[in-house]
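Note that the chains take the letters A, B and C in the order they are written out, and that residue 1 is the start of every chain.
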Amino acid sequence: MIEIDGITKVYDGTAAVDNVSMIVETGTITVIVGTSGSGKTTLLRMINRLVEPTSGEVRINGDATSAEKPHLLRRRIGYAIQGHGLFPHHTVARNIGAVPELLNWSKGDIRARVDELLTLLAMEPAQFRDRYPAELSGGQQQRVGVARALASRPDLLLMDEPFGALDPIIRMRAQEDLRRIQQQLGSTIMLITHDMEEAIRLGDRVAVMDAGRLVQHGTPAEIVARPATEFVANMVGDVERPLRLLSLVPVSEIMEEGPAEGDALPAEASLRDALSACLWTGRDAVPVMRDGSGPGRVTLASIRARAERRA
Amino acid sequence: MRIGTILRPALIVVLIALVLRPTWFAPVFAPFAPAGGPVIYDRASLLSLSLSHLTLVVLASAAATLVAVTLAILVTRPAGAAFRPLSRTITNMGQTFPPVAVLALAVPMLGFGAGPTLVALFLYGLLPIFENAMTGLSTLPPATIEAARGIGLNRWQRLIRVELPLALPVMLTGIRLSVVISLGTATIGSTVAARTLGEVIIAGLLTNNTAYVLQGGLIVGLFAVLIYDALVQLEARLISRTGG
Amino acid sequence: MPLPRSASALSPPGLLFAGLGLFLLVTPFMTLAANRIVAGEGLRAWALAGPGATGAGLAAIVAGLLFGAQNVRRRLRLGGAAIGLCGLFWLIVRGAPALLDGAGDYARVSPAAGFWALLMVFLLLMADALAQLSPGPLLRGGLLALGLAVLALLLGSGVLSDLSIAQEFASRKSAFVAATLRHLGLAFGSLAAAALIGFPLGILCHRKARLRRTVLPMLSFLQTIPSLAMFGIMIPILGWVGASVPGARTLGIAGIGFAPAFLALVLYSLLPVVGNTVAGLAAAPPAALEAARGMGMTVGQRLLRVELPLGLPVLLAGLRIVLVQNIGLAVIAGLIGGGGYGTFVFQGLNQTATDLILLGALPTVLLALVSAIVMDILVDLVRATPEARP
């Protein structure tokens, strides 16, 4: 568990981060979202003490980060940044093994870990281990950056706009990969983005920052359904709010018995997918696949009723 | 640059005094002169040596600039592309030739005097100017060149109105390097009987008169530093105007 | 050899060389003088000896120029340069004894402007052909070694001993060895001293922007001071140190000689070393440095593992500048009793003995060229990061 307790950073009399407190549960993704200059990067950098807080404290599993030497602290916190920051003169394997090397792992352990991570990220170790960053595509570089941040099995993984430099399609895949890996490893992740879409898609919890303050901290559904301030509402985008909300609800939640025509949707599809299927094919209901008992269905009317509940 | 605003005029005044009124400095240099020996160089007027020194440098640098920039323009046109690797090799390897060696090697062909010095200064001065002019002309922002084509400038107009003005600051850096090298090499030119300020230093070295050495060294050093500084200022002004 | 017909089959620089080379063939190739001081009489290549002796050389030169002018087989251009060089030296080797035959005991023969200019042409042709082939650093090293071996063989075999410069050398063998050692000592010693001072200073300047803003302009002003003035100004300073600091004189520190030359060279070297250290360390991508800090590298680890390896090519390029510059500047030491090849250059200028000037100037040029090539190879070798392959 990460506890951020009244943390503040003042630069030349102005607070870049103003008395922010929040708790990040172990094994979850918290996405901090805000415009540029909102203080989100400063907040993140205070957690691994790349920036020293003016006041306040961060505790990881109960231990204050200020009690440890900064460079030792950073070795147990993973850190991935926009534009990957890979060492251009080191191979993929040396890049990924950088922190274990700092921690004096044995060569064999490092090698095993590198191969394990490359496999996890769907990069064939034999093929990629000895390449240099310049020989990889943008998406591959970014994955190596994530692997490097995960290498020493850190207590916490900080990610500063990790997908910022990727084009939309690769970005989507990278987000899915991150979700999958996080669930597989049970990592605790704090990720920064300026993209609300990304925040809602990735976050177990979303923290919205504006002008150095934490203006709302909650589940994606809460953020979308009940924006705390006008700023948050703007970030979410009023027009798309119903659709965003529907995208967070799985069809299984309002599935009912009954027949429907056409191709069936998988059970983990969202209501947004269901609505889209209805409108596109002009049907009032779509079938949904289900384990055991035959297909169920979701009707247009029930989607509408769910959207009006707003939560 | 607050130090500069005080130091620069002060150094200029010192230099002028050293050249025009060398006797004022007799007490300063006296401790370095051999017992009973002359303190202030009086075999030739320092002003005429300075003028002759600077004339050599200006002539050589002007000729070198003209030729080097012309060559750089030719080599950066499509028709001259075949000469590009060669010109790069020549500038790269040519600059490893020591200036003193170039000077010494010019003597067997041209004899003693200002001639070999001028040729050595010219040849050696070509290289930095050419190198920088080529860098300047071949690293222009492609968008600007594209825009110049787009608004219908022909090749000649593009060169005169866009490429040369944009490459000017980089070229000036080359000219500055070249002038500084020329000033130094011209000093050594007095060993091949060219009339330059090096004469004062050489006379001091030959007669073990450190006062001469210091006097000549100071004047040449001040000239070099002040000219270098003036050219740096000029470049800075140009760069701030083009926003580069 | 049949000339290729289509225009694209010809190399434009090669054509330039061919034209220039053919023109140079009618300029004086060697000079014959009555003694070492007087100006000699210039002789064209075909007038050096009988046609049986000169024919082969002339043919090789012409063939070399023609091979160089074509662009169909690029390796053949390199071969052309080699053949041409063989032709040049063939003419010298056969011409010198023929000219000296019956010319009197004090007579001297030397290569003349035509030879030197043709030598330049073929060396440039070789460089142009090599640039086209763009060999890797190891191959370049091999070629350099081969070239130096051939040169050593040529000088060692005694076939050139009839030349005036060889006779100047023969009468100064031990002085030449001493000058070589002194010249190398000045150039490499000052390089080592400058590296020892410059690297730490550069690292400090990289860290502290304020220090950088003071140090770099100061060093570049130092660099502008003409060498003769700098060497001269060192004389009273070191003279004072030698006279007033106890023990300094026993270390050889005095107003003239090795010490002022060495110090002047070190001062000149500081700007390239410090400047390139700063530039090299600044070359590390900011994102990589941020990541290094974020993963818990200490300041020292960042320097050793990230900044220095990435900046090494630029650092070495600084050392290349210094080495080449100091080999050239060390000649000036000859004027203040510091020894080195400059001794011969300035003695030669005093006596108007051209070959004595060459005895000092040619080794200097050769040393500078070889150092530059070797350092370029080293810079390429340490560029460990492969560029993105297209």
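Just so it is clear, a contact is a pair of C-beta atoms (placed from the backbone, for glycine too) under 8 Å apart; a residue touches a chain by one contact, two chains touch by 3 or more.
Being a predicted model, the structure only gives us computed values, none of them experimental.
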Other chains in touch with both chain A and chain C: none
Most extensive contact between chains (C-beta pair count): B-C
Averaged-CA centre spacing for the pair chain B and chain A, given as whole angstrom: 60
Centre distance in Å when chain B and chain C are each reduced to the mean of their C-alpha atoms: 22
Residues of chain C that touch chain B when the two form their complex: 11-13, 16, 113, 124, 127-128, 131-132, 220-221, 223-230, 232-233, 235-236, 239, 255, 324, 327-329, 331-332, 335-336, 342, 345-346, 348-349, 352, 354, 357-358, 360-361, 364-365, 368-369, 371-372
Complex contact set, residues of chain A against chain C: 48, 50, 70-76, 79, 81-89, 98-99, 102, 132, 134-135, 145, 148-149, 158
Complex contacts: residues of chain B adjacent to chain C: 32, 82-83, 85-86, 88-90, 92-93, 95-101, 104-105, 107-109, 112, 180, 183-188, 191-192, 198, 201-202, 204-205, 210, 213-214, 216-218, 220-221, 224-225, 228-229
Sites on chain C touched by chain A in the complex: 285, 287-298, 301, 305-306, 309-310, 384-389
